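Labels A, B, C and D are assigned to the chains in the order they are written; within every chain, residues are numbered from 1.
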Amino acid sequence: MDAPRYDPLDPAFAERVRASFAKQGAMHTIGASLAEIAPGRVVIALPWRAELTQQHGFLHAGMVATALDSACGYAASTLMPAEAGVLTIEYKINLLAPAQGDSFRMEGLVVKPGRTISVTEGRAYALHQGREKLIATMGATLMTISGRDHIKH
Amino acid sequence: MDAPRYDPLDPAFAERVRASFAKQGAMHTIGASLAEIAPGRVVIALPWRAELTQQHGFLHAGMVATALDSACGYAASTLMPAEAGVLTIEYKINLLAPAQGDSFRMEGLVVKPGRTISVTEGRAYALHQGREKLIATMGATLMTISGRDHIKH
Amino acid sequence: MDAPRYDPLDPAFAERVRASFAKQGAMHTIGASLAEIAPGRVVIALPWRAELTQQHGFLHAGMVATALDSACGYAASTLMPAEAGVLTIEYKINLLAPAQGDSFRMEGLVVKPGRTISVTEGRAYALHQGREKLIATMGATLMTISGRDHIKH
Amino acid sequence: MDAPRYDPLDPAFAERVRASFAKQGAMHTIGASLAEIAPGRVVIALPWRAELTQQHGFLHAGMVATALDSACGYAASTLMPAEAGVLTIEYKINLLAPAQGDSFRMEGLVVKPGRTISVTEGRAYALHQGREKLIATMGATLMTISGRDHIKH
């Protein structure tokens, strides 16, 4: 997916995303890392781990969703004001193929930024035997939160 | 949510669900356990853990979704034939409130069982200071898989 | 579905819903009518019409969705302040069975009301040969709009 | 959105789609027409009509969804065998902006074709004062139906 060109409101958007990501215990637990941060677009990388599998040894769909939801949320966050926080209102995920692979790449892309509501799309790819395969698509709706310190960032 | 009464095709549905659950590395990693297994209804319990948090110390939405998706999938599985496997086609989750609490309860319920397609609903509750609060709702679509050994259960 | 008990902010919620419904050309075109208006719950009735069918003569899923989305939106509207308008942010619909019947009943129910975001659930039933059958479920997210005259109600 | 290249199983896919579309009372009622039929991609055109509006005079979201769902369903249908029928299992729609315009264009695109399950994405555009604006996105899951005459096409 190509990202439309967006002008970020906060020039320090990448540092803000990195700082928030570093505070997430769950991202650390599943071994996710930030691979790319651009205005309206964030990519998260995730290696395969035995601890994250379902009953057939593939990556658990919930882990795919967790990382993909984060990619979408941070993609929306890149276009928000410096002091804003972001909340996921809802997302839908379609699981297209088993998450079979050595590593995974989760792309989040803003489809429509908004003052209150942002709409994003996500795509999860598995890297398996040198080939990249689309394994999941997501549509996520996020809300900008401002003026509440405890939800900041 | 009250479950409609369903007659399971496989009298050993509970053992089948338990055996499959035990094989999921991800469920072990997040500390989830099976709290209830009935025809068309499965409840998963999940304690709060620092390793599963987002940046504000609440349970990460992805972990809520992971456990809730499993509850929905196993709920569908209880009504399937003994030799069948179950695949999540898609789910949508609405996050109603931050996952703040000491422990969490995830209910999956079959709305419509089907030979090929089953539709389920999930509800996630947080137990916080002695009160139970609805924090997420899910709608999940599952597919019955048969005759493919590698996806069995 | 039983509705939780809600206290409406606007005692004239039912009149407000009726006035808004009357202005919708689409509801008139498809022959929908308001069957029930309670705090957090709205039911819309819809007869079968040849003009609203898909290629097998059943009611078109889009018409089911149109009426069900309206039921959800108006259910949310019953709990909003008098001057507020309501916008559908997104909905997901699961089509459980063909919309075969003489008439249809669409229930919208508020799961979580909110100052900005309200989450609702919908159920569509077909009345066919004296029996009522669940044919679709919906999850819809609505936003309260205030202070913009052109979107009012 | 660019469509990936797909090889249709049925060389007469376009005629099949046109014949099915012609049988839909609902498509005729809302004034929709087929603007484009390619392997894995269908575009439906829809003019604004007062009979299809919501309370602010914009096109009703349900009509947007009806036409967009049809575009997605027919997109999936183009890749199915000649004798197959298609059923919508579920879809989710995000409404990004009011459906304000003189006419509308609904694109349905196959993301992943499948023997049983196909996943599609839809985009709705409004043409307003010479400009085209994205007003809705959809994710739809379809099922291939075979060997049941009454659901054929």
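To be clear about the criterion, contacts are C-beta pairs under 8 Å (C-beta built on N, C-alpha and C of every residue); 3 or more make two chains touch, one makes a residue touch a chain.
What you see is a predicted model, and the numbers here were worked out from it, not measured in a lab.
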Partner chains that chain B and chain D have in common: A, C
Minimal step count in the chain contact network, chain A to chain C: 1
A-D or A-B - the one linked by more C-beta pairs in contact: A-B
Most distant chain from chain A by Cα centroid: C
Chain centre separation (chain A, chain B; CA means) in Å: 23
Distance between the centres, which are taken as Cα means, of chain D and chain A, whole angstrom: 28
Chain D, residues touching no fewer than two other chains: 89-90, 92, 94, 119, 139, 141
Chain contact graph, described as a line, ring, star, complete graph or other shape: complete
Contact footprint of chain A on chain B as seen in their complex: 20-21, 23-26, 28-29, 50-56, 60-63, 65-67, 69-70, 87-95, 98, 150-151, 153
Touching residues on chain B, where the partner in the complex is chain D: 89-90, 92, 116-117, 119, 139, 141, 143
Complex interface listing, chain A residues touching chain D: 92, 94, 96-97, 111-112, 119, 121, 134, 137, 139, 141
